[in-house]
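For clarity, chains are labelled A, B, C and D in written order, and residue numbers in each chain start from 1.
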Amino acid sequence: MIIVMNADATDKQIKTVDSRLQELGFKTILNQGDVMTVIAAIGDKRLIETESLESMDGVKQILPIREPYKMASRETHPHDTVITFDNGVKIGGNHNFAVMAGPCSIEENPDHLLRIAEVVKQSGAQFLRGGAFKPRTSPYDFQGLEEEGLRQLADVRDKTGLLVVTEVMDSQEVPLVAQYADILQVGTRNMQNFKLLKAVGRQNKPVMLKRGMSATVREFLLAAEHILYQGNEQVILCERGIRGYDSTFTRNVLDLAIVPVLKRLSHLPVIVDPSHATGHRYLVPPMANAAVFAGAHGLMLEVHYDPDKALSDGAQSLNLEQYAAVMRTLNKVTAFYQQEVAQAECLIKA
Amino acid sequence: MIIVMNADATDKQIKTVDSRLQELGFKTILNQGDVMTVIAAIGDKRLIETESLESMDGVKQILPIREPYKMASRETHPHDTVITFDNGVKIGGNHNFAVMAGPCSIEENPDHLLRIAEVVKQSGAQFLRGGAFKPRTSPYDFQGLEEEGLRQLADVRDKTGLLVVTEVMDSQEVPLVAQYADILQVGTRNMQNFKLLKAVGRQNKPVMLKRGMSATVREFLLAAEHILYQGNEQVILCERGIRGYDSTFTRNVLDLAIVPVLKRLSHLPVIVDPSHATGHRYLVPPMANAAVFAGAHGLMLEVHYDPDKALSDGAQSLNLEQYAAVMRTLNKVTAFYQQEVAQAECLIKA
Amino acid sequence: MIIVMNADATDKQIKTVDSRLQELGFKTILNQGDVMTVIAAIGDKRLIETESLESMDGVKQILPIREPYKMASRETHPHDTVITFDNGVKIGGNHNFAVMAGPCSIEENPDHLLRIAEVVKQSGAQFLRGGAFKPRTSPYDFQGLEEEGLRQLADVRDKTGLLVVTEVMDSQEVPLVAQYADILQVGTRNMQNFKLLKAVGRQNKPVMLKRGMSATVREFLLAAEHILYQGNEQVILCERGIRGYDSTFTRNVLDLAIVPVLKRLSHLPVIVDPSHATGHRYLVPPMANAAVFAGAHGLMLEVHYDPDKALSDGAQSLNLEQYAAVMRTLNKVTAFYQQEVAQAECLIKA
Amino acid sequence: MIIVMNADATDKQIKTVDSRLQELGFKTILNQGDVMTVIAAIGDKRLIETESLESMDGVKQILPIREPYKMASRETHPHDTVITFDNGVKIGGNHNFAVMAGPCSIEENPDHLLRIAEVVKQSGAQFLRGGAFKPRTSPYDFQGLEEEGLRQLADVRDKTGLLVVTEVMDSQEVPLVAQYADILQVGTRNMQNFKLLKAVGRQNKPVMLKRGMSATVREFLLAAEHILYQGNEQVILCERGIRGYDSTFTRNVLDLAIVPVLKRLSHLPVIVDPSHATGHRYLVPPMANAAVFAGAHGLMLEVHYDPDKALSDGAQSLNLEQYAAVMRTLNKVTAFYQQEVAQAECLIKA
C-alpha cells in the first residue's frame, strides 16, 4: 500500500501516519520527495480499512497495490479451477464447454419441462436451468412454484440425466434447494446478500454466482471470495449484463470483455448468460457465439415451450426449434474455437 | 396498456394479439391508423408480463400507462404517510424533520457509543443509527458485533431516549433485530432481496429501505411495494447515492432530484444519507443542507468518536465536534425551509 | 404518436390537446377508456418537439411510435449500404470484412509508419488508420502532427496501396483532411458536434462516425442522420466502447450487442474498435474475434512500431509481431464465420 | 508518480523502467519491498503518457499523484477567480450570486424575448440566456435563428441592461458570436470539441463551459484547462446533469456534489443548470434552491413566454409567472445562505 502525503503535510503528520501504520503491523519505507512524501507500507492491506487512513491529517491518497481478494485470485491459485460432477461433466479449464439451458421459471405443466429438457439434452447441453424460486421486481409478478418446481426439476433430471441448476434466494432455503440442485445459483440481485453467500459457502454443492447489476470486477470477485472463504471452492462466475444508460433496445449491456479480465485475475470458471443480458431473442445467437470467442467456459440460455405464453422473460426465450438451430451452430463454433483459436489467444500477455 | 403493431402486421396477427388480450381479461379498442394499428388494452396491467406479449408476431412495442406499483403510489393513497413512534416522534408529512445519526458500525467500546449518542441527542437528532450486522464487500473486513451490537444500541436507547435504527441483512435475523430496533434498515445491497423484504413486511416495525446501487425509481418503489404488500405500511425510502462512472472524488452520485420525484409519485417519507452518498466528510454539510431544500423528510448522518480509527467508513464520518457544528447550521436551515420555502415549492405542478 | 391523458384530465384539456395536434398537421383518433383517454396522432412526429406537448395541461405521457431518424433507418432503406472504394475494396453488406489498422497517432519518423503499413498490408488489412489531428483530454498531451501527419499517410498510401482513414476534428479542417483521406473519421468526442457532422455531410468522402462516450442507439443514428441529411450517404458506424462505472480493468465497456441492434435498425455498415474500447492489448484479440460473431462489418485495430514508446495509447497497441499473429487467427475466424454462421444467424427475427 | 512493479519483475525489467523514467526527466527513488518494488518518479507527470509506461515489461500499475490540470487547479491559483463585467456584475467568489435566465432557443417573435427579459431583469437576474445556434440531436428539430437570434439578444441587452450568454458551436463562429455575447457558452456536446475550446480560449470574453454528458471531474477540468492554456482566464464551469441509467422521471442526474468538489479542486466559478438537468419544470425550484446550498456561484434557468409552444425544451421551462415566483423564493434563499451558512461550511476540511 502506498500512502501519499499532501505537499504541505507537516513532519508531525507524516510521523503520525507512519506510527499508525506500524501499529497496524506494516513495515514502512519513507520516500521524501521534492514535492511530497510517499510512504510505502508493506504488509497485508486486507487487515485494515484504508478509508480510515485516508481521513488522517496530511494524507492525500491511499493507493492499494494488491487486489483485495485472495482465494479467488490467480496469484494464489495459478491453475484453472475445474468442477467435476458425478456424471463426469466438467466446467472450467481449457477443454470443457458447458451449456445450461431451460425456461426462466418452472411452470405448472411438468410435461412442458420434460419436453424442453429432452430437446436441451439432444442438442448437446449438459445442464437444465429453471427457476423454482423467482426474484421478481414486482410483487404482482409470478413468484415461482417453489418446492413443487424443485421436484419437477429433480424428476426431469432422473428421466434425462441432465444436471440441474436453479436459484436459491435466501439463506433459509439453502438446505432445501441443495437437496434438489446440482448447482446452486445466486442471482444478480443477491450478489451482495452476504448471509446467502456465507450459507452457500458452507455446503458442498457448486455455486453459480451471477454478477450484480452494477458490480465492479473487484466486487464480483469479493462476492466469490465470501463463498470460497467459507470452504466451498466450487464457484462459477456468470456475466449476465450490467445496467446501462439505454435500455431501449437491449435490457442490459453485455460486458463480454469481463470474461478475459476475470480469467486473468482469477482461476474460477466464467460463463455468460446472453438471454438475460440482451432481453431479446434475436440477440441471443450472435452474443452466444461472441461469448465463446471472448473465452467463456459456458453459456446459460433461455428456452421455453411457448415463449409467447411464458410467465416470465418470454421475449428473450428461444422456442424449441430456434434453440435447436442455435445449438447446431454453437457446437460448430465451440469446436472451431477449440481447434483454431484457444491456443493463439494466449500469446499476448496482460 | 398500448400495444403498437408493426406497420406490416397482418390482420391475422392483429387478431391473435387482440384475442390474447381479451383472454387475459382486458377490454380492447383497435385504432387502425394509416401507418399501423394500435390496440388500447384497458384493465389491470399488473396481471401480466408485458414482455411475453412483446414477443408475439407482429407486435412492435408495448407501452405501459400506469405505474406498476399500487400501494406505494400517491394515486391510491393521496395523503403523506406519517410514521409516529411511541415517544411522539414523527417521520413524513410537512412538519417533521428526522435526523438519524451515529457510527457506521457499533464497535467494541460501549462508552464510545454512549458518548456519540449524547452528542447526537443534544444536537437535536431523534434517532441513533449504527450497524450491528454489517454488509461488507470483503470477507476480510469487520463484519459487525451482531447481537452484542444490538444490545449496546438498546442500552443507549434506554439511557438517552433516542430511537434506534439498525440494519437487518437476512430474513432469519428479522425477529432478533426487531426485538431491539425501532426502525429496521434494509440496506442498498439488499434492496432486491425479496425474501428479506417479505420478512420485514410481515412484522410491525417501521422499515427504512435504502435505494439499490443502480435502482431505477420504479424498482425502488416496487421494492417498497413488496413490503407494503405484506401488510406493513410503515416504509421510509432512503436515497444514498447511486453508482456513477467517476468515483475519484465522490463514492457515489447523490441523486437529490429523486426526492421530489418520489414525493410526487408516492406518499412514503423520503430521507437522504449524504455520508454514504459522498464518502467524504467535507461533502456532508453542503449535501445535507441541499437535501433539505430538495424536500427530504430527514437525514442519516455518520458520526464517529474517532473517525481515523473507525472500523468502517471513517473517511465519511464526522467527529463529535464537527457533527455538532453541522447540526447547529442544519437546525437553522430546516427552520428557514419550513417558514419560507416549503409552501412556495408546491406552486408548480408536475 | 400516442398521447396519454391523465385519469382526471377534463374534457376541455383533452380538446385543447386534440386541437393542437390537428394544428400541427396530425390526424387524431380518440380512445376514451375507463381509466383515461388516449389520443393516437397519426402523421410525422419528426415535425414537432414532443416535449412541449408533454407540458400541456392534462397530458400524462407522450409515447413515440416511429424511430426519430429516417434516412438511417432500415425501414426506408431495406438493403445494406455497401461502400465501394476506387480500388474495389468494399465495406458493408454480407461478404466484405474490413480491417483498419495502424498507430493511434502519426509520429515523427515516417519510416515507422511505412513499416507498420507494410505489415498491415501483408496481414490482409485494407485500410491504414492513424491520427494527424488528435483530440486529447489534456492540453499537455501530444496534439498530433497535423498536415505533416496527413502527408505521411498519403505518402504511405502511394507506396502500399492501402486506403487511409484519419480523424477530422473541426469543420474548418474538413477540406484539408478530405484532400488526403479516403475515409474521414469523426471521433467519439465529436459525435454530437453538429457543425462538423454537417460539414462532413456536404463533401463526398465516406465518413466513419464513432459512437459517443454515452450515446444511446437513437442519438448515434440521429448523428448519422445529420450526415446523411446533407447528402452524404456513405456513413460507417463504429462502436468503440461506452463509459462504464468500473474502469479499473477496461477503459470502457465494449457494447457488442449494439452491432446486431444497429444492423436491424439501420442499413449502414457497423465496425468495432476493440483497442480503444478495452485499453489493454491482451483484450484486443478475444474482443476482435467476438466482434466478428456479433456480426461486425469490420474492425479498427491499433498497431504501433514500439508500443512502449508510443505518444498515445501505447498500452492498447499491438506491436507488429503481435498484430501479425492476431490477423492470422482473425482471417481464419472471418472465413469460418462467413461459411458456417452468417446465414444461420438470420433465422430468428427481431 | 508511483510505478508499481510486478511481484515477479526481474532486476533487468526494473532497471529498464528506471532508465526510461530518467530519460524522460524524472528523478527516481526505488523501494525494494518484500513483495514488490515500487519506483517513485519525481518530476512533471504532465510531460508523459503514463499509459505507455504501463505497457512496459514488469510494470503492474502507474499511480499518478498530482492532478493532471494545472492552471485550473487551486494548488497553483489559491484564490477564487472572480469575473467582473463592465457593468460591475461579478461571478465567482464569496458574495456574488449570478442568475442567467431566458428561453432555450431564441424564436421568431422579438417581442416575446423582450417580455421575458423584462421579467428576468425585474426578478433580480443579471444575465439573459438564449440560444441562437442550437445543437439538436435530430436534424429535423429547430436549429436556431443563428445571426438573427444574436441580433435579438443584443437588442434586448441594449433595452434592458442585462448581459447576454449564448452558445457557440463551432470554431468558425466564435468571432461572430463573440461580437454579440457577453459570455460564450460551450455546450455539453462540445465539452471535448478541442478546436472550439482553443478558439474560445484565444479571444477575451468569458466562457461558460458546460459539463459533458458523462464527463469525469478530471475531464471537465482538463477541458477548462484547454481554454485557460490559450490565455483566457475567465472560465465558468456549469453542472447540467449527467447521463443516468433511468431517464423515466428526470432527463439526467443532477450531480450537485460536484459543486463543492470543483470548488475544492479549482478556483473557477461553478454554476448549476437545474432546467436541463431535470427536464421537468416542477423539479426546477427544489433543485435550484438545493444548488445554492451545494455552494453554487449561480444558476441557469429556462423561462419561456409560452412553454407549451416552445420550439425546444418546453417541458422544463417555467412560464413568466412561475419564474417570478421561483425568484422571489430564491432571493430569500441566497440571502439566508450568505448570512447563515456560507461561513459555517468551511469548517470541515477535505
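General observations
Going forward, a contact is a pair of C-beta atoms (placed from the backbone, for glycine too) under 8 Å apart; a residue touches a chain by one contact, two chains touch by 3 or more.
A quick note: this is a predicted structure, and the numbers were derived from the prediction, not measured.
Separation of chain B from chain D in touch steps, taking the shortest path, is 1. More than half of the contact pairs at A-D come back, by residue number, in B-C, the repeat among C-D, B-C or B-D.
Taking the CA centroid of chain A as reference, the farthest chain centroid is that of D.
In this assembly, the C-alpha centroid of chain B lies 39 Å from the C-alpha centroid of chain C. Chain A and chain B have centres, each the mean of its CA atoms, that are 27 Å apart. The geometric centre of chain A is 31 Å away from that of chain C, both derived from CA atoms. In chain D, the residues that reach two or more other chains under the touch definition are 214, 218, 243-245, 281. Against chain A, the residues of chain D that register as touching in their complex are 2, 4, 7, 27, 29, 31, 33-36, 38, 40, 42, 60-61, 63, 65-66, 75, 243-245, 247. Interface of chain D with chain B (complex): residues 214, 216-218, 242, 244-246, 248-250, 253-261, 264-265, 277-278, 280-287, 289-295, 318, 322, 325-326, 328-329, 332-333, 336, 340-341, 344-345, 347-350.
Those residues of chain D whose C-beta lies close enough to touch chain C in the complex are 20, 46-47, 49, 51-56, 68-70, 135-142, 169-173, 189-190, 192-196, 212-214, 218-219, 222-223, 225-226, 229, 243, 279, 281, 307-317.
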